[in-house]
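These are the structures in question, set out in turn.
First chain A sits with chain B, and in the next complex the same chain sits with chain C.
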Partner chain A sequence: MAGLSRRRLLGLTGAGAALAGTGAAGGLAAKRWLLTEPGDQPQELTTTVPFEGAHQAGIVTPAQDHLHFVAFDVTTSDRGDLVELLREWTRAARRMTRGLETEGGGAVGGSPYAPPADTGEALGLPASALTLTIGFGPSLFDERFGLRERKPAALADLPPFPRDDLDPARCGGDLCVQACANDPQVAVHAVRNLARIGFGKVAVRWSQLGFGRTSSTSRAQQTPRNLFGFKDGTNNLKAEDTQALDEHVWVRPGDGPDWLVGGTYLVARRIRMHIETWDRTSLGEQEQLIGRAKGSGAPLGQAAEFDQVDLHVKGTDGEPMIPHNAHIRLASPDSLGGVRILRRGYNFTDGSDGLGHLDAGLFFICFNRDSREQFVPMQRALATGDPMMEYLEHTGSAIFACPPGVSHGGYWGEQLFG
Partner chain B sequence: MAGLSRRRLLGLTGAGAALAGTGAAGGLAAKRWLLTEPGDQPQELTTTVPFEGAHQAGIVTPAQDHLHFVAFDVTTSDRGDLVELLREWTRAARRMTRGLETEGGGAVGGSPYAPPADTGEALGLPASALTLTIGFGPSLFDERFGLRERKPAALADLPPFPRDDLDPARCGGDLCVQACANDPQVAVHAVRNLARIGFGKVAVRWSQLGFGRTSSTSRAQQTPRNLFGFKDGTNNLKAEDTQALDEHVWVRPGDGPDWLVGGTYLVARRIRMHIETWDRTSLGEQEQLIGRAKGSGAPLGQAAEFDQVDLHVKGTDGEPMIPHNAHIRLASPDSLGGVRILRRGYNFTDGSDGLGHLDAGLFFICFNRDSREQFVPMQRALATGDPMMEYLEHTGSAIFACPPGVSHGGYWGEQLFG
Partner chain C sequence: MNVSHKSIAAATAAALLLLLAACGEQEGAADADASDAIAVKAGDSSCEVATTTAKAGKLTFEVTNEGSKVTEFYLYGEGDRIMGEVENISPGLTRRLIVDVRRAGTYQTACKPGMRGEGIRGDFEVTGQAGAQQDRGGHLAAATRSYKAYVDAEVEKLVPRTKEFAEAVKAGDVERAKSLFPVARTHWERIEPVAESFADLDPKIDGREDVLGEGMAFTGFHRLEKDLWVSGPRPDSARIAEQLVADVEELASRTRGIELTPVALANGAKELLDEVATGKITGEEDRYSHTDLWDFQANVDGSKAAIDALRPAILQRDARLPATLDTRFAELNRLLDKHRDGDGFRRYTDLSRQEVRELASAVDALGEPVSKVAEVVAS
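For the complex of A and B:
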């Protein structure tokens, strides 16, 4: 009984059949049911995402609810120190993604005369679907670590875009870690402990907390809403689109250096949204700017969210239902020569701007196989042609190369440093 | 069946008995069970907290997981405008705390030629136990609104404390709203829509996002951990302590002006925690500073978290187990002439400090009956005697008077303005 009450019963045919016998629940046995006791941890918290694999977790993993993203400067110039740190980080990441403390001993099991081996604020919290995803920035490939020859041509600093308003303190970084989890305390704990482990070798350059994922990355997920109130990510690449992911996300042999095959490029953009101005725009204008109905998420001219976008359908006035400069037209593969990206962003709210408004927006994250041919032309089209830009301000920017997944017993970056 | 699958079945004796019949679950009928289908909303999201009552919700309400706190400057100087705004806010708060949009019509049901009556990012999200709690700052009682005679003597600006490092942009405010919910998108939506409704009458002065509540306010809740990794709030006042709440939290007749009877004072302090320094402190030193074991949360000298704190028990060396300057000794009612407060704070992480560290800490919120006799002497004792202050930096500060609860059909502040 105690054992039963401490875990969820998933798809128990026996229990299902018995429940069906109550008469209240015909057809029940055909479904998957959860049986829980108040106080049990819900499934989204108890889920563990495997750390090892062909690709890093946290990319096509169904997007979790919370983000803590951190960019580090490497402060050591010793290549051996850096590699040792990557090994230590990997050990800690393996454990934390299983819901464990960073090291044996942990927060309270070590010597009272030594600093604890874990900071402790996630003690007792489950894995919460934590994923940790590492990326290497262009600056890591300078003269310090002998990596110059191994720098992919596609790992180029992003070009300036029209109307960029970038804060250098929110840009760049030698390394990044994207921590995603269904409990923000778990994501923050992970980043904080990586920073702790890296003391003396890395320093936090910038970090960003996010909530309310703004993209689905699996067909099993509902499409969430961004802070403009619109469903966002309906036509995103999804985990189930394995062929499209191979084409648009994962780096292939011949794309560049071999160490990155099976990896991808992460682009992060902190996009302040001028929500107060947006909120004073009419519903019709908002929908024309986006190209979708605000309620259903349906493309204009269609009935339902997942109806195929048809850029050619015209209204009674002979004009396209989806305007020439609507956001979804400009960002569509049809307008960009087939370009697609995997988006995985989060909403943010960082206090106020000092001018009477909230400082809120979208922390945009995308993954693509070559940003020069995917994110960059897409963002250039949006920055120059999208009237929605009037409501947006890009305040942070970074690009990182995310190596492929970690092998059994391997470490983050083993392909690059090995 | 469809109806059954869309809601949770709480305490269904029939289903419980049937389940017991499976043989795997003896004694089941004696417990309350939840029966859910994957994709159902969990209970913490579907909960609705009543908006009306003798006291405002969000004070002794079991602390939700997320916070968005906002302080406003009133920009109109017209008393009628302000009262009308408070009425509009109350209407919206009544609806949002039930999981509805701010107004009928809402985000998508209005005219396409008008701005929507709700911003839409919480469309489809349940109430998530949202509470909205209003407070009036000392500055509201200046000459603008004819309130000078109604200002409680206890609504005095907080005195400076030793080692304060306050940022004026994170201090004060004419009004505050504390939004707490189990989904941050719901809390942010509520604050953002109150700001939207108040356009032209109020401006956001500062706002703070919080996650991971750092206090329990009900005996039904587990004690959470703060970013020092310690259980925080074990001996907090709890909702069940009705007599102690009457003594320490709720303003009584004769305490000051009648309009605040049944209300309370809210003190907010943004406390940056130098977690990197803390993390390099030994476990033993951390426990001596706090006065509790890090793992169990037990007071030093005791065995379990909820064991009575005994400030007199001595170790083999003849010294008190709980050091003379331990945090829990200095903050204990025994050391402060019986003073107690209701704490209801949250962890925060706001990017980085530009010096290689996370900008993280505790957004402290407490409620008390007279801050001059409760919070102020407590904070003075801590600021002068608590060695933990070496790891802390108070960067924001505010005090507000929270009026009593809203009556049926009434509005926020009816007792003050009525």
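For the complex of A and C:
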């Protein structure tokens, strides 16, 4: 929880006077449970992110602090059942993103003989900026639902990468839902209720909890640190970069089938970090591996975090300050023909691995317009050349096509099924 | 099954099985109108009930503790049968008891300051007759009759099959005992919610070693399972086998007297699937013998028997639900059939992770519509 209160502290400097006069900020994490007047709530908890719009929420929405990501297998083979479920999900999602129960009076107002229509653990909690984002996996486009013809060419299973160590139980899925919120309980509540509503039509294939966003997607946000202790995502695409988003994130007419125009592709990778060996690595080597100073986040050879990365600055020895194989060099658009992606990952820890080591790392999520030209070459370059791979192990992998936003009165996937 | 969880489950099951005799309905069950509430002022030496007569139906008592000791309030029926109770009312607090009293008669109210003893009693007259639950065509009554017959038939088989098993244990015939173990358990597992409602017998017959309460001996099926599969017969195995037979016979005599309600059937059907989802899917129930799939099938059979008995009643109230239930039961049975081996099943540990996952998913899929049945038949 220490990380949580510190993060909130950071968030607050930006949030302004919302909490002025409410007392010591150190007790904030505990305090949020005690504040009962809506006006007393920190801005980020009371925030409601609109569910409807041209694009789905949860993509360029300023990254919230917590994630519950889930991939489903569709177990029904009846197209009508699936569409009905997507409508039910949308109805519940619309309500939950407004801070409401899945149904009015759902948690405690129903029949004493029936299980409640809402599980209730988010009762009394504000919307907490909850966003729910749906995606469709390549396997959904087989013969079951008559979607084969509508499958985008770019929605192809990711190729194997060098040093992948994928666990099939953490890969793929017909559908995914990304739930992000500033309160973990709100995100978990949302996924739990969607899974419950879906029993008999879908089954959870795998899921991942994440905490501590590892990238900022808005200029209003601080750059967070990953579990290696480094600022991560300084050069990420930001919500404010609308032109760059159009170029790198949103699917355009002509890119593929029309149903996905305004949508995007989501790539999820569970990246286990070998924390213990990293922690035994010298500070100098850590910085060389990443290509940034650990404290300020500045690119090596520069003074401040947001200083332009200059891959050509040389040290007194005539060698580039940012080593040839440093992470930021390999991932830089300059090294990849201008390729960029919108990153939206989260730290995770799933306890320990039974050998006394943290089972922890980065649950990497990125959005891009065509993964074949953006994520894939970037990951290939990193997997091949990045010496940081020694400390990493990719254990899960999936790709999904996220349809465009939901219209007023519409439902998730109406462009695809309608 | 976990004993602490079990004791709760058993309490619930008992409450539902003996619906009218059970703990009444708690706050929140309320369609009773607050303005009809009967005020009760509970003092340290007084218990003033605003009125001492009422018409049959849902009664709401609003109990205010004006005394200095924590108190309780009870409504008793004939023979001190508890119709409803509300406990732990601290001084100054008001709590509500809603209880469904369907028959006319003389009942008794009681405040128990200090939560002890007989309490301060007063007579309470109930007049008239609560409208019996609508049972057009008598489907509900037929359902309880038919399921009661199923329970009786299973108990009739449970006793001799358990005796055969016990005889084999006593004779030291390990192989024969091993083969009879899952057969006898089938009849237990089919009626588990009913059997479990006898909270004293259940841990003796079906308790697992790791979940028994302090001071309780490890007896019953799972103790013998461990003897047969792990340690080999022990000096007291024969005695444990005899005890098991006696406990099962005691169970048989008690089940003869039980009254079932449609809601109890529906909840029993759901509990059987919960048993599967929490105890069998994990392979922890029969951890020594790995005969979990026998239990699994028996739980599903028992659940289906309850739903089948209720089918006409469900159909009358919700035309679509039976088809969903049928489809999901069929799917689960189809998956179970894949693992049959002769008269029985494969060892649970021989299933692949993917096969277990398929089963778990089918149980979740079935549990969801089954959980709706109680409300449907209560309407």
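Everything that follows uses one rule, which is that the second predicted complex is superposed on the first by the 379 of 418 C-alpha atoms of A that agree within 3 Å, B and C clash if a C-alpha of one lies under 4 Å from a C-alpha of the other, contacts with A are read in each partner's own complex, and residues count from 1 in each chain.
The definition used in the following text is that contacts are C-beta pairs under 8 Å (C-beta built on N, C-alpha and C of every residue); 3 or more make two chains touch, one makes a residue touch a chain.
Since the model is a prediction, treat every value here as computed from it, not as a measurement.
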Partner chain in contact with A:312 - chain B first, chain C second, else both or neither: neither
Touching partner for A:112 - first (chain B), second (chain C), both, neither: both
Partner chain in contact with A:200 - chain B first, chain C second, else both or neither: second
Partner chain(s) touched by A:208 [first = chain B, second = chain C, both, neither]: first
Chain touching more of chain A, residue-wise (chain B, chain C): B
Contacts of A:352 with chain B and chain C, given as first, second, both or neither: first
Which of chain B and chain C A:408 touches, first, second, both or neither: neither
First, second, both or neither for A:280, with chain B first and chain C second: first
Residues of chain A that lie at the interface with chain B and also at the interface with chain C: 75, 108, 111-115, 169, 196, 199, 203
Touching residues on chain B, where the partner in the complex is chain A: 1, 4-5, 14-15, 18-19, 21-22, 24-28, 31-38, 40, 42-43, 66, 68, 73, 75, 107-108, 110-116, 118-124, 169-170, 183-185, 188, 191-192, 195-196, 199, 203-209, 211-212, 225-230, 275-276, 279-284, 286-287, 293-295, 347, 349-352, 354-358, 360
Touching residues on chain C, where the partner in the complex is chain A: 25, 28-29, 263, 266, 324, 328, 353, 357, 361, 364-369, 371-372, 374-375, 378-379
In the complex, chain A residues that touch chain C: 75, 108, 111-115, 169, 196, 199-201, 203
